[in-house]
Amino acid sequence: MNYDLCLHIDSKEPAILKLVLMNAANYIKALPGERFQLVVVANGPSAVQFHKSNEEFRAIAAPLQEQGLRIAICANALANSNMTRDDIWPGCDVVPAGLVEIVRLQREGFAYIKP
Amino acid sequence: MNYDLCLHIDSKEPAILKLVLMNAANYIKALPGERFQLVVVANGPSAVQFHKSNEEFRAIAAPLQEQGLRIAICANALANSNMTRDDIWPGCDVVPAGLVEIVRLQREGFAYIKP
Amino acid sequence: MNYDLCLHIDSKEPAILKLVLMNAANYIKALPGERFQLVVVANGPSAVQFHKSNEEFRAIAAPLQEQGLRIAICANALANSNMTRDDIWPGCDVVPAGLVEIVRLQREGFAYIKP
């Protein structure tokens, strides 16, 4: 089966980011030996949570990124939060428009889940 | 690529409607020259936000509607909010059941995003 | 048309469970004579709401389950809430990982809606 999955976050609530990262961890753990792509697309007010200064969540995300989790952050959202790509966690991608990225992933066959 | 997109709202929080309309605006702006359908389906407690008296958001939505944004509001949700189709913003559609509309759009190839 | 639908819940807010169950009821009511599968997948903090002691919502769900609604609860979420399958409403399924279940349903052609 194709397990490619896009998780979407747009909330600035830490509890939601915690849930997204726990979702990602459980997803990886549930599929040992499977090959799949797992992407978190972050837009809207959620962008601020990916600031380098948010070390607590960065420490949770880092081992997931090492296991293949891709994090893609919306450039519009960064601009609205007065952030640049230099402000975000290392290893995150910046995409021009978060919604276009999510639609593109759905077209490529990714399932979509909004935690 | 097929950029048809359904945005779903069911919250009565103004911040969520603001996010949905900003999403719609950014989506349109990100795809100059592309042809696509963009629909907001509103159901549940969100219906009250589309009341004519909500002029602040109506003013944000109007230019997006002129650029092709369709807004479809669930008739069940209107009834639960003691509203009729005469109470909502001009140019909005009423659909019998919001969830059935969303499923129909997904079957027609629309991507689904819940801001 | 294929009306198979997966509703996703991960919030512990009673208002969200109320909305999900109202969504399910309206969906069934909107499609008389149609054959379709309707599944609520519950994960994350939502699991506690399906505890047997939550009799108010259990009473709302029971007639929907009799009309074919399937409720699938994530085993990870139960464990995180210190619950076992003996603690939940009768007639609910437990699935090993809620997200994998949602992806599987999307692959099988279910539409996805997050109330």
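Chains here go by letter, A, B and C, matching the order in which they are written, and residues are numbered from 1 within each.
By definition in this document, a contact is a pair of C-beta atoms (placed from the backbone, for glycine too) under 8 Å apart; a residue touches a chain by one contact, two chains touch by 3 or more.
Here is each chain with its UniProt name: A, B, C = Sulfur reduction protein DsrE.
Just so it is clear, the structure is predicted and the values come from calculations on it, not from any experiment.
Counting the residue numbers that touch the partner chain, chain A (Sulfur reduction protein DsrE) and chain C (Sulfur reduction protein DsrE) have less than half of them in common. With rounding to the nearest 5, the Cα superposition of chain A (Sulfur reduction protein DsrE) on chain B (Sulfur reduction protein DsrE) corresponds to a rotation angle of 120 degrees.
The mean-CA centres of chain A (Sulfur reduction protein DsrE) and chain C (Sulfur reduction protein DsrE) are about 25 angstrom from one another, to the nearest whole unit. Shared interface positions of chain B (Sulfur reduction protein DsrE), defined as residues touching 2 or more other chains, are 112, 114.
Those residues of chain A (Sulfur reduction protein DsrE) lying in contact with chain C (Sulfur reduction protein DsrE) across their complex are 1-3, 5, 19, 22-23, 26-27, 29-31, 111-115. Within the complex, the chain C (Sulfur reduction protein DsrE) residues that touch chain A (Sulfur reduction protein DsrE) are 8, 10, 43-45, 76, 96-97, 99-100, 102-104, 106-107, 112, 114.
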